[in-house]
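All chains are identified by letter, namely A, B, C, D and E, in their written order; residue positions are counted from 1 within each chain.
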Amino acid sequence: MEIAFYVLAVSAILSALAVVFAKSPVYSVLWLILTFFTIAGQYVLLNAQFLAAVHVIVYAGAIMVLFLFVIMLLNLNIATEPVKPVYMRAYEIVGGCVLCLTMVAAIHTSSFEFTPVNAYDNSIGTIEKLGVTLYNNYIFIFEVSSLLFLAAMIGAVILAKKGDI
Amino acid sequence: MNLTFAQIALAALPFLPLAGFAVNGLWGRRFKETTIGIVGCGSILLSFLLSVFLFMANLSGSFATVQVRLFDWIPVANGSIGFSLMADPLSLIMLLVITGVGLLIHLYSVGYMHGDAGFARFFAYLNLFIFFMLLLVLADNFLLLFAGWEGVGLCSFLLIGFWFTNESYNAAAKKAFVMNRIGDLGFLLGMFLIVFTYGSLNFDQVFTAAATAGGANNATIIAITLLLFWGACGKSAQIPLYTWLPDAMAGPTPVSALIHAATMVTAGIYLVARCHVLFSLAPFTLSVVLAVGVATALLAATIALFQTDIKKVLAYSTVSQLGYMFAALGTGAYVAGLFHVVTHAFFKALLFLGAGAVIHALHHEQDLRNMGGLRTELPFVYRIFLVGTLAISGIPVFSGFFSKDEILMNVFQHHTVAWGLLFIGALLTTFYMFRLLALAFWGEKRGHHANYVPMNTTMKLPLAVLAFLSFAGGFAGLPEFTGLNWLHHYLSPVFSDVTLHNEPHLSIGVELGLMAFTVLAIAGVIWFYASRFKHLQTRELNQLNGELPWYKKLPANKYYVDEWYNRLLVQPINRLSDFLYRVADTLIIDGLVNRIGGMVLSAGNRARKLQSGDIGIYLYVMLAGASGLFLLYVLLGS
Amino acid sequence: MALIAGLVLAFGITLADWGIRESYFHNMISSDSYSLSFSALLIACTGVSLLLSPMYYNRLNLPYMDIAAMKLFALAGGICIVSFVNLGLLFIGIELLSISSFVLAGSDKRNLLSNEASLKYFITGSVFSSFLLFGIALVYAVTGSFDVTVIGAFYSQAGGNINNLFYVGMLMIIIALGFKVAAAPFHFWAPDVYDGSPAMVTLFLSTMGKIAAFGAFLRLFNQAFLPVPYHIGILTCIMAVATMFIGNLSALWQDSYKRMLAYSAVAQTGYLLLVIPASGSMSADVLFYNGITYIAASVIAFSVLLLLNQYTESESRSQLIGLAKQNPFLAFAVTVAMLSLAGIPPTAGFFGKYYLFTLAAGAGYTPAVVFAVISSLISIFFYFDIIIKMYTGEAQEQLKMVIPPAYSFSIFVSLIVLILLGVFPGILTGLLQ
Amino acid sequence: MIPLEHYLYLSIILFCIGAMGVLLRRNMIILFMCIELMLNSANLLLVALSKFHSDNSAQIFVFFVMLVSAAEVSVGLAILVMLYRNKPSTQIDLWKKLKE
Amino acid sequence: MIVTILIVLPLLFGLAAIFSNGRSVRNAALAVSLAEFCLALYAAYSFVPQAGMQQVLNLPWIPALGIHYHVGVDGIGLLLILLTALLMPFILYSTPDDIPKPGAYYGLMLVMQAALIGVFSALDGFLFYVFWEMALIPIWFLCLLWGRGNTVAVTLKFFIYTLFGSLLMLVALIYLYLQTPQPHSFSLEVLYAVSNLDANVQGWLFWAFFLAFAIKIPIFPFHSWQPDTYVTAPTQGTMLLSGIMLKMGIYGAMRWLIPVLPMGVHNWMPVAVALSVAGAVYASVIALQQNDLKRMLAYSSMAHVGIIGAGLFSLTANGLTGVVFQMLAHGINTVALFYVADIIERRNNTRNLNLLGGIALADPRFSVLVFVCVLGAVAFPLTNGFIGEFYLLYGLFEYNLPMCIAGGLTVILGAAYMLQFFQKTMFGNAISTPHKPVYAGKSELYVLVPLTAIILLTGIYPKPLLNLAAPAIEQLLQLAQF
């Protein structure tokens, strides 16, 4: 079991790095899809099977397609990255690492022996359990998120539509 | 209130001149000159009559001292100081002198100021001066005395700068007032010390408390008396603060006569006499007073020798005579000092008015070098001037002899060296007075004055009266051994508690001897000068025009005291003020505030630049901020 | 007009159930006095901006209907985050508010500045929403629940020795909400977005957006992290003081009136941020009072800007010279607004600042108060510069504008609010105890 | 059983890689992707915690996070299209007019 | 109840006047200020000195925070209200009737009066602070809109400088408010009772308060705003500033600094006295060489006030009596002198002393009145200046001798520069004025004659005023002992 976790973890990290350092946008989109698959794998390990499926469908399927679509539409595939002076890139890398280190340090100081809230049961990932909690406790957030979608749609239309309005 | 008639008279006394001032001040311009004169002199006449009445009542023993409290003025410490007046023999004598001589001078100035634009204003100021002088003399507490004190200073400022279109006169007036103010500060500090130690400012309470406390020569008494004496020096022009008096001659001559000869300058002596209880408790201060008096007498006499302006000579002679009075007070002979005040008021007023007559006649000519030979042209003026000169030099029978002799007697008793110096001073006085007489009246006529302005009666009458008084004044205080010293007897209740000076009197023989010796010396000087005045005069005139020998140059330039004051005090303050304003105020303090403002604005400019516009930098700084917060958390948290 | 009617209805409803205190939907959202009062405030803001938008947009001949829709979505988001009980609702509400703000920021498509504003807002906004998510995850890790009351109980019951992760989670939430509220290190987006987006949107964002974010911030702290640990308190104080100084200092030299208002909004955030470390009984009251005065002052300040936009393109301060001669009423209103922002007594702003300083000093952060005082002194420079410009100098002719009824109504109402609250602050204090 | 720290560290690393990507890359598309990556790292942590606490409300939360990121991407790309129409490039360095 | 009317009447009328600018605003404003004066006289008449605070009115203003509209008057407050009510009609009457925007002008003046009376009668810390700052805005507008020269920079500096001080005072007041027992309150008695402050906290608080008052008074190092503001402000503004607003600082120190922080005051007393006396000497030396009339008067006012400050912090019974009396005397004298400066400037349209002269020739009556004012300023006996100066110097003398001598120095220097001013303007032959202008016409006399009469009257018979203040000063001294 552990080996699977570590393999998936390492591949996730590598593909994430590849996304960042890929030359052309299409390559980075593909690497990102790979990262999403590794994360979905992690979900399966954490016996959140349904979630993994949804994750793959939503991210890999919908969002990545949207990205590819936009790249193709505006043929942005040309890797016209203006090479920034080295010291700028160095600063940014160092900045990222410093952020990571400080967060690790902050977390490292804490002991991890907090207690789980309710008893262990490995069927929390199943659909009918999720469905129960989703439509009982979180129904209001569900409705608000529908509002969110509506807003996003109208927003996208306002911004991206051609024409003078 | 069962006010006796005396109290009403006392209460009314100072307010008559005030009424005169108000009338002349407000409606003066509408009146003709004569009405102004009537109002001005009338008010003084009335107050003179009232004071004569009070004097007679006091003489006839109906009251020792009369006191009236008009209203209470300022609550200080526990009691409250009232606006209250008091008349006792000491103040009555002063009263008589002020109102008497004042009346004569008022009459004189009607003629003298004839035709001047500010006629009404002149009389208003004169009346105001008399009001403040009366306030000073009749006050029964230090504060009211101080009010009168500064009041007279103010009037002298107004009157010195009477012809205000002339810049130098204004400067002289300001100098007089500021110098008086310096003296008044000492007086004020003395008053504070009195209230601080004795808890009140009323004379009787202070004096009884001082007497009971006793203990001569302790620090506070000396401090109080020294401060009061410092005030007196300011007002009566003694050594450190005398330079304003000669410049005060810028005012019209009646002013110089009234203020700078007869009344105001004697205020200092009146103060010391009034506080004789305190002064006698502090012998150290008395010795200081003696020393200052003698020094001033000598210094002023030497300077007077070389003055060419008729009024300057008389001014320095006044300073020197005041030195004599202070020397008398210094030896504790308060009565002698006062007697000299009275006689000096008479003959010095006479001399000033005489000089005024000369100036009036010669169309405002004041320089002795352009006079001469007036004996034949102005016979009347010459005669009264002669009487005055004889009086001041101390020729027997004349008033000056008796008062000056009494002072010399007391000083001899007390301190022979001081007597020697004063004796020399007396000789010098005689010398410069006769020099003045000779330059002005004897010898041939210099200068180009032809038609002399005639003097009308209003000027002649006061001169005549004053001449008589300078002649007869002396008999009020005949020498001690004759037992007829009326003044001593009259003032004894005031100075009854002066125990210090009743050691055995000199034997009559010694007194007579001394008297004879001084008279002979003075007669010698007169004979010496009268015989060769022509030769001395010519030598002096060409020396004055040409180069003065070294030993004469110093006193001629008044020992450069004025220049020293200027260089040591006036210039540094002005330079400091310039420096403070330009550098300290605008550059440093104001500059600092403006610089802080500027710094904030420049910080604003830099902060504005922080917003660089590039999203990359924004993200970078934001994430750096986040990690900074984490770091801070880790440091603070653990 | 239907919109306005709808809003007035909503306003009425919120005020109607003022008394009841219970939570709905499996305690996702609750209607205690805190949430209702702040929701009412937010509704009022949106109402004002909707009231003013038709005249503004007609000149730009942009259809304002869909912009109005976005504003209403933003309002919905705002109301959610102001009355949330579950952290999920907080996250979704903030996202809803942000997304509609991104769109609003970019609503004037042809203007490059507005595009740039929306880009900057979007990128930084989404980066920091992931911070918020991470924070919520960490807090969930320690307490095991998303419900704010449960977290609060867990935290107060655990007392001092709670797991360190909790504080890290709290810090990340502070960073995220700090961004949303434009606190110091995370304020870089605010000036550019407020300056870039059209004036009507800036008014909406700086009033509704900011107050909603502060409402959420304080609600979270009042409910969940009540005894604010001292070192976290100090961090927030440092952030607050930094915001004040950066906001005030950069506003000194601004030539453009709009950008000056942007920086002054950042500075006012600094003052409001002082409420967080001193959260406790009075803090809700203080925030509400300051919120109202800030909104009223911004409405007046921005309405002048909007009226100016009718006539001139340039937004520099010198447009205001001589305004007092043209129409004294507008000049008086702007003077009161500026005095209130600067914190000068007769206006409500002064009492707000005083109330805030008392709260902060009471919680032991007196040095922060001294810094706040100094920065408010710096703010006098530019607030009074406006007043001076209005009252001295000769008036340009084109300022002779006629104020449409909508504007004069909203200016009049906010003027009344500023003066009334200034003279009788007693009305509001003690409302939210 | 994999101890919880490992998930925590993994998600932090992913988060920081995403942050670094946002800093490094100038191209908007890549930027949006890195933002997605940061959000996913938080999702991962949430799922791990829900397993640990065996309480599935965290997983529901992940649902909503996915939903939010979808909405964000749509608005983000709309903004990108709008920007592209005005300036034909996806570099964010071109947008520098709003400053000081 | 009277005090509230005294505050509300001018406030309401002022606000009304600001918005109307009919021609008749001037005499309406005059009527209000005269009514105000009669009311103040009645209050003084019905005031019983020994009975401590009177006319007290205590309404809850912000109950949640324990802040009350708590207003009352005692000896010192009443005298200052009398001064304000007395000077206001003169200041209003002395405004030339061709000023622009008269409505706003008179409105601001009346609002100013309301705020000033509020400051002198507030017994609640918060109310005091609100009135304190409310007094700042009208004077700022007055100086900005009706002043001459670069009014913008000068008035802004003045406003920010004073605000800096008062904001520090606000922080100190808040700190004190939080030290009061639990249901915190701002009322005077409770603040007096706060006793758990140790020495260095009292030190900090002392400096916060002292800075606010020192900037307002102004005391030496914090005076850089004063000369410029007095010169650029319109004369009526300067009259307000130097006549009454300056007393706010002194009154504030007496009411809020000395009784509330006795230990702090005691520790820092020598510094405060030294600063004030240094300021007095500094200003009077500078005034000697000034040839701008108004700037010279500004420095002279600063010198007088330095002595008042020294008397205040010497904490002696006489010193404090002197402070109270000199406040009145100085108020009247500076208002009269600035009005004179205004008349001279308007006739010769120059303020340079070297170019003036010969006014005594042109208008002797005017020069006599000016002379009386100069005497008041020079502390000549029988004028009000002397009594104040006497008490102050005596109080200073009891405190320590060198300070008193330095104080005495300013009296001498004062005589020097005031007489110099008088001679340069009045005496000398007329230089610049071709025709013989009338300096003191009928309207000027209506202001100058009453003022000079008051100068002489209060100088000769100050007893009623001193009796009014004595019990209050007694009580203040008891509070100052710690």
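Convention: a contact is a pair of C-beta atoms (placed from the backbone, for glycine too) under 8 Å apart; a residue touches a chain by one contact, two chains touch by 3 or more.
Predicted model, so just to flag it, every value in this text is computed and none were measured.
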item	value
Set of chains adjacent to chain B and to chain C	A, D, E
Chain labels contacting chain A and also chain C	B, D
Central chain (distance from its CA mean to the mean of all protein CA atoms)	E
From chain B, the most remote chain by mean C-alpha position	A
Two chains joined by the most C-beta pairs in contact, as defined above	A-D
Interchain centroid distance [CA atoms averaged], chain A/chain D, Å	6
Where chain B and chain D are represented by their mean Cα positions, the distance between them in whole Å	99
Intercentroid distance (Cα basis), chain B paired with chain A, Å	104
Inter-centroid spacing, chain D versus chain C (mean Cα positions, whole Å)	27
Sites on chain C at which at least two other chains make contact	88, 92, 95, 99, 102-103, 106, 109, 118-120, 123, 127, 141, 144-145, 164, 168, 171, 191-192, 381
Sequence positions of chain B contacting 2 or more other chains	608, 611, 613, 615-616, 619-620, 623-624, 626, 630, 633, 637
Junction residues of chain A - those touching two or more other chains	92, 95-96, 99, 103, 106-107, 109, 112, 116-117, 137-138, 141, 145, 148, 151-152, 155, 157-159
Which pairs of chains touch, using the document's own definition	A-B, A-C, A-D, B-C, B-D, B-E, C-D, C-E
Chain C - residues contacting chain D, complex	88, 91-92, 95, 99, 102-103, 106, 109, 112-113, 115-120, 122-123, 126-127, 129-130, 133-134, 136-138, 140-141, 144-146, 191-192, 195-196
Touching residues (chain side chain B, partner chain D) in the complex	608-609, 611-616, 619-620, 623
Residue numbers on chain A that touch chain D, as the complex places them	1-2, 5, 9, 12-13, 16-17, 19-20, 22, 25, 28-29, 32, 35-36, 39, 42-43, 45-48, 51, 54-55, 58-59, 62-63, 66-67, 70-71, 73-74, 76, 80-82, 84, 89, 92-93, 95-97, 99-100, 103-104, 107, 112, 116-122, 124-125, 129-130, 133-134, 137-138, 141, 145, 148-149, 151-153, 155-160, 162
Contact set on chain E toward chain C in their complex	19, 60-65, 126, 129-130, 133-134, 136-137, 141, 144-145, 151-152, 156, 159-160, 163-164, 167-168, 170-171, 174-175, 177-178
Residues on chain D engaged by chain B in the complex (per definition of touch)	19, 22-23, 26, 92-93, 95-100
